[in-house]
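Shared between the two complexes below is subunit A, which has subunit B as its partner in the first and subunit C in the second.
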Partner chain A sequence: MKKKSFWLISLLLVFSMFLAACNSGNETSGNEKDGDKEEANTGEPVEGGKVTLAVTTAPEGVFEAAYYRSAVDAQILEFTGDEIYQVNDDLEYEPDLATWEISEDKLTYTFKFKEGVKWHNGEELTVEDWQFALETMADPDYDGERFNYVEGIKGAKAKKDGKADSIEGIKVIDDYTIAITFEEMKLNNLENLWSHPMPKKHFEGIAVADLGESEQVRTNPVGLGPFKVKSVKPGEYVELEKFADYYKGEPKLDSVVVKVIDASVANGALQNGEVDIMEVIPNQVEELEKMNHITVEETTGVGYSYIGLRFGHRDQEARTNKDDIDKFKNKDLRHALLYAIDRQAMIDAFLSGKGKVFNTVIPSTFWIAADESELTQYEYNPEKAKELLAGAGYKDVDGDGFVEDPDGEPFSISFGHYAGNATFEGRSQAIIQSWNDIGVKTELATGSLIEFNLYNDMKTEDDEALEAFFGSWSTGSDPDPSGLWANNAEWNFGRWVNEENDKLLNEALSEKAFDKDYRKEVYVEWQKLFNEEIPAIPLWENLDLYGINKRLQGVHINAVGFQTNTHEWYVTE
Partner chain B sequence: MVKASLNTDGQVLIKNKQKQFSPWKLARKKFLKNKIAMTSLFVFVSFVLIAVFGPLFTTHDITRINFMSMNLPPSAEHWFGTDTNGRDIFTRMVYGARTSLLIGLSCMTFIIVIGTIVGAIAGYNGGKIDQIFMRITDFVLNFPFLVFVIVLNTILVGKVSGVWTLILVISLLSWGGVARIVRSRFLSEKENEYVLAAKSIGTRPIKIIGKHILPNVASTIIVQATLMLAVTIVAEAGLSFLGSGVPANIPSWGNMLFEARDSDVLRNKTWIWVPPAAAITITILAINFIGEGIKDALNPKSRR
Partner chain C sequence: MLQYSLRRILGMIPLLFLTSIVVFTLAKFMPGDPFGGEIDPSNTNPEYIEEMREKLGYNDPIHIQYIRWVTNFVQGDFGHSTAHKIPVFDLIVDRLPNTIFLAIVSLIITYIFAFAMGMYSGRRPYTWGDNLIAGYNYVGLAIPSFVAGIIAIYFFSFQLGWFPFAGSVEVGLQPGTWDYYISRMHHVLLPALILGLMGTASYTQFLRNDVIENSRKDFVRTARAKGTSESAIYNKHILRNSMIPLITFLGFDIATLIGGAVITETIFTYPGIGLLFLESVDRRDYAVLMTITMLLSFLTLLGNLIADLLYGIVDPRIRLG
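And now, the complex of A and B:
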């Protein structure tokens, strides 16, 4: 017995030594390899080459823009597809496959397509391909999720309801010219219009109802982009090869592999060169920055985080929001809650500094973003927070160290946060503690971090436990915030209702707002309103981060992604 | 005369007691001689003492996020360093021991109680009752443990406070094995003459089970109990590591390991995860050695 255990323990110790040794061994050999690479890296472009893009969830394999559901499929479609317009670095819409003119009454847009653009199967792109896409999406049998992108066209709803065979508002003028008429005059008609043509000849003979599941979409897709799908291994990788006839010029790379890896091994994969480029999260950055052959690119993105405050409920039937909860009605209370949080310290602690404090909910990368000087900055100031509370009548009456509301009733906030990343526990704790510190009693809703899907359901259903809740949005390239903050918006989870809010948001989409300066002016007004009201507590805008191996060059990163002009990517070895 | 004979009888009895030890006494003696088991017992008991009394002496706040002292390596002020949220790891270890041991011990108690009751009733009665109880046991044993615990835990969150959710869920899903073992021991034990004797003089079944059979199967149950203690501590650590165990704001060894999911912490900040990992390993080893020792001590055939 005695001997046996002795051996057991010594074995254990010996094994742990091995483990430790393996660990340090790897590190040194890794560094040596970096050194070699540095020397070999002459910076000269090399013909062809293969690049690996890593993703952390598997693609679903729906390679048609009108049908895809997952974000990874969207990334693959960025390689294989091209659009009518593209979004530039300032998040403005620029002509790409076509240019357009707007009629006097601003209802009809006439698009002029480029000539000589080829599909992957050699066919030439004509306006019929786009017409086909729009007609398909308005078809009653269409089972994708994107009818809203054609909804605005005149007669699209009639087709969807089965009252018409084709969309009234589409008029093909010749092979390269098409006119689209909208139902109503709206400023963002173009932004909301479907911009991906569909290969009409390729899809010939397939019923609309079967299209999403067809082989032509799943395994043998045809696109317009610089790369085409070569092979698909579900759950593991998608291999793309270059499309030599790409209309903007032959891609410099031979192929791109989109590979699925687990998030926990991401840094290792970048280190040993298995992966050339991937989107990374802030916790990874510190380690990546130590690797010589990796650059970490960062850019202010279109995502932000905030703390929602609940003002009421949503009537799902009537699709309206009603502010019938009085808890956060006091503006000074809301200001105090914001002053109480040391946002910069939180960014440094939980996002490795990769974030930027902001005081509205418009990320600064948008052209409509208000200048900092026009907004109150709400710098961390717990003393001021306490003063504001006292001034508003929130005082500690019963001596328990926490304030009571102006009527002398106990006051507490139930704050919810979702589970996931290892930093979330600290982050939620930090917020709770900041509020407790100024005397506002705060507890973690349900007592623990909530599973993400459940959390979203709770938000949608106005769960009472979520009086305050952590939220994050990625807004997309359309600057209009109405989808998230308009009075009756479904995603206005705090159910904030304010007359001025809707007035400004509508004004910014009015005919007058076709003048860009005026539109910006209105949005700045809206941001001032938000900044003054603080209907939700703005925390920070996120930085988008990408880890890129130095052998891969020519990557252009902007707020909407890293896949602009992928045909210009090249490798140096 | 009568008095005298009684006296002699009494003396003989006392003499016998001095020469021949009762089985329990023998077992204790054997256990005390087992050095590894004794060392393990010492380690385990000191862990329990630290868990119970440690918090009286610690000064650091275990939940407060401290932006100024994040990721500090071990020093005089922070013996084991601080974690990614700036909290003292040593203090959290002490409180974590509380949570982890509380979960281990309460789960063990629940599991043994439920398992023994079910096993005893099934084994003693046999026949239809046995069939019904054993099918229920099979049913419980068939649940995929981890998946089911995670689901149940998600449903129960917010309805039962803190760690008790987890204790309840683990207990309700783990008594199957114990029930089976107790039943099989009961099946063989009830065929003995002393049970027959008790039955024939009309002793109530509950008394036969409790007073006559149970003491004879106690050794099996005790060994099972130590094993269950180790298993539930590991289960807690595993679940918390996956993020669906103890609520994140309560320190437990498993929750502290959770931070090691970040590869940067795993590779470069070893002081954050080594203490809880070591504590779990040492505790489990100690418990298993104690269990082994008890098994040896209670086994009349073992001469070690």
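And now, the complex of A and C:
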């Protein structure tokens, strides 16, 4: 009897635990469902409210702009920080925390800061905070990766090398005025200048070498933005609460939670209302569009995909690219390879239609983007591709169905693609098929999709197997493409070297190009050059996609992202 | 026994040494390093990457890197995480309690179900019920945990709303409060059920066979002869004897406790050692990766030792020496 009652009681305990669990679960989901109904009825903004932003990789927990490395940390910093300038919808730079004047010789910029801007700890923002950021980043002990953002300032290199105690080119005039002198005149000095002030008082007494690991950066960061970090649960979530003294006005939301979820449950989480907003990928879209309470917002972004063609090698010592491979030297061959691919069909099949065919490597959202009418469109035309091949001397001599090169030697392309998303298999096969169809023998490099890290190593080391390779870039808001396509750029993976290329890219950064119209003209010229030469095969620009619950309103989306106006977000429940 | 334990512990040293060579070589053989992978062209400059590689010693010959790592490791310096930029030790200590909690809850679930099913099957072997239990166990063994995890999330979290689908605790609760612990329990249940219910096979079948074997023994016949009730025979005489081999399973479970939930933790975004391990492989975070692998190797060896010691304790006929 005794024993029986013992078992009964323990069973009861176990069940009550389950029930308790079920109950609390029901309550939360019940509330959310109610919320949805109300939203459908009213749609009016409500005071306060909590919003959940989902991310699929965990933050690394480095909440200081000069030190962070992961894209998720960057999203959190967007909530908590603000900059000297901001980027508008056309990706032009506009004053934000400060306005500036440029001196006659275009070397010195004088910045005038807004007064009365408050840090999260109540201190007022002064130019010293910015000076502190710049000095820290030029410090020899600085172990973040963004020295290149202060490199251009006069005397920054000297400080980095330990030859000076402070940067010569920074002059504090008063609490709100500061003058920055650059080493040399460059058009994008401003775009390449570090724009995030650092809370000097907050970091007082911490050596530069220890800064990145300090509590002040990791668990207790201080920023200028509309939200401040309330609690951090590593690997799980970051809780942000509104900063009432935000200088652009008090945020409408009470709090934002940045929550880590597994990508495989993302759609479900959006559906049942536990996640209000997240970046989504094309494969998710079809399912999301069927949900009544979810809108999928799309915008042309700064990301694009292309097929790289290898022209040579990189001399890592000398940091130069040499074009010493002749495989793709023939321009007609390159044109034929582009004509052979039905890019729109690929977008429809592999990106749920969420992409836009383009013919240069400048996404259309940039203000420098050339008008389509000025560019050759290369619409899908396998017949024309075959004609071009024949005209260039690529003919099938031995009758195996594939062309030989003009010297009659066998010709084939080894095409590489990285592994990952489930659509990559089909995508790579589609490209190979297209080229085989016009008689250019193409094989998948290494026989299978290549693990992503290995693939990057192979690209960097100019692996012979990657004669042609799939690539994607997301460029950031600076329109200048020289980091990716200049003759000696590290990330010009095709190693395309062309005299005209560098001439135009440099011209676009010259003194003359301070005139915006002229600068655009030069970039349009560059795009025409790219469009004619086709040194890499432009495929499509990606659309940025966001899944948003309709209870969350006021989100402004542009090519830079979705976080430009977080203080104006509101909920309708 | 003390002597035996000491000898075994000394014997672990060369084993761990060999493991460390394998772990280190495999880690370094992975393509890429923490600075490769996805490059953000507007935020990274090649010179910085080179500088960091030089600074962290990735350009040194591999044996020098190995010696440096081992020397530090032996002295208790597990290195720095390149991604999280904090000492690996802190990172692991931060995640360990979550994993242990999950492991213990799932182990309790396994034990409860395995005992119930094992006893039932052992008592009524080759019946319909026994076959059903065996069928369930092997299905559980065969279904990959990520499939089970996603299905469970779909039904119990999204459709029924009984359990949360991610995390280890509700956002914003203060540690130490009653709600906090309830929420922890609530979050751990679904992953623990997945782990626990899928892992009953070995326990159940082991117990079943042992019960069958014991029920044919003389002491059972004697008990029956003197009129002891069937349930007393099974629950008292047989169970006690059949539990002995099961106890030794506990030793092997120690390593599984920490490392067995890599996939389940990832699906449930449950921030434990498993999730950390997978992330560090993705990010080529060598220090974290190697420390966790070494930790798991050590626990496996330790678990074996404990299992052997337990054998000696529960069954005096086995002499250790």
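FYI, the second predicted complex is superposed on the first by the 533 of 573 C-alpha atoms of A that agree within 3 Å, B and C clash if a C-alpha of one lies under 4 Å from a C-alpha of the other, contacts with A are read in each partner's own complex, and residues count from 1 in each chain.
Here is the rule we use: a residue touches a chain if its C-beta (ideal position, glycine included) is under 8 Å from a C-beta of that chain, and two chains touch if they have at least 3 such contacts.
Only a predicted model underlies this, so the values are computations on that prediction, with no experimental measurement involved.
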item	value
Which of subunit B and subunit C A:G268 touches, first, second, both or neither	both
Touched partner set for A:E213, first subunit B, second subunit C, both or neither	second
Touched partner set for A:A430, first subunit B, second subunit C, both or neither	first
Touched partner set for A:S474, first subunit B, second subunit C, both or neither	second
First (subunit B), second (subunit C), both or neither touched by A:L454	both
Which of subunit B and subunit C A:E286 touches, first, second, both or neither	first
Touched partner set for A:L543, first subunit B, second subunit C, both or neither	neither
Greater subunit A contact set [subunit C / subunit B]	C
Touching partner for A:V51 - first (subunit B), second (subunit C), both, neither	neither
Touching both subunit B and subunit C, residues of subunit A	264-265, 268, 451, 454
Subunit A partner contacts - residues on subunit B that touch it in the complex	34-36, 63-65, 67, 70, 84-86, 154, 157-158, 161-162, 243-244, 247-249, 258-259, 261-265, 267-268, 289, 292, 296, 304
Parts of subunit A lying in touch with subunit C, wherever the complex brings them together	17-18, 20-22, 24-26, 28-30, 57-58, 60-62, 67, 69-71, 143, 145-148, 212-213, 218, 230-231, 233-237, 239, 257, 259-262, 264-265, 268-269, 271-272, 274, 319, 451-454, 456-457, 460, 473-478, 483-484, 490-491
Touch list for subunit A against partner subunit B, complex	1-2, 5, 23, 264-268, 283-284, 286-287, 342, 345-346, 348-349, 419-420, 422-426, 428-430, 433, 444-451, 454, 465
Subunit C to subunit A touching residues, read off their complex	30-32, 36-49, 52, 83-86, 91, 94-95, 150, 153-154, 157-158, 161-169, 171-172, 182-183, 185-186, 189, 266-269, 271, 275-276, 279, 284
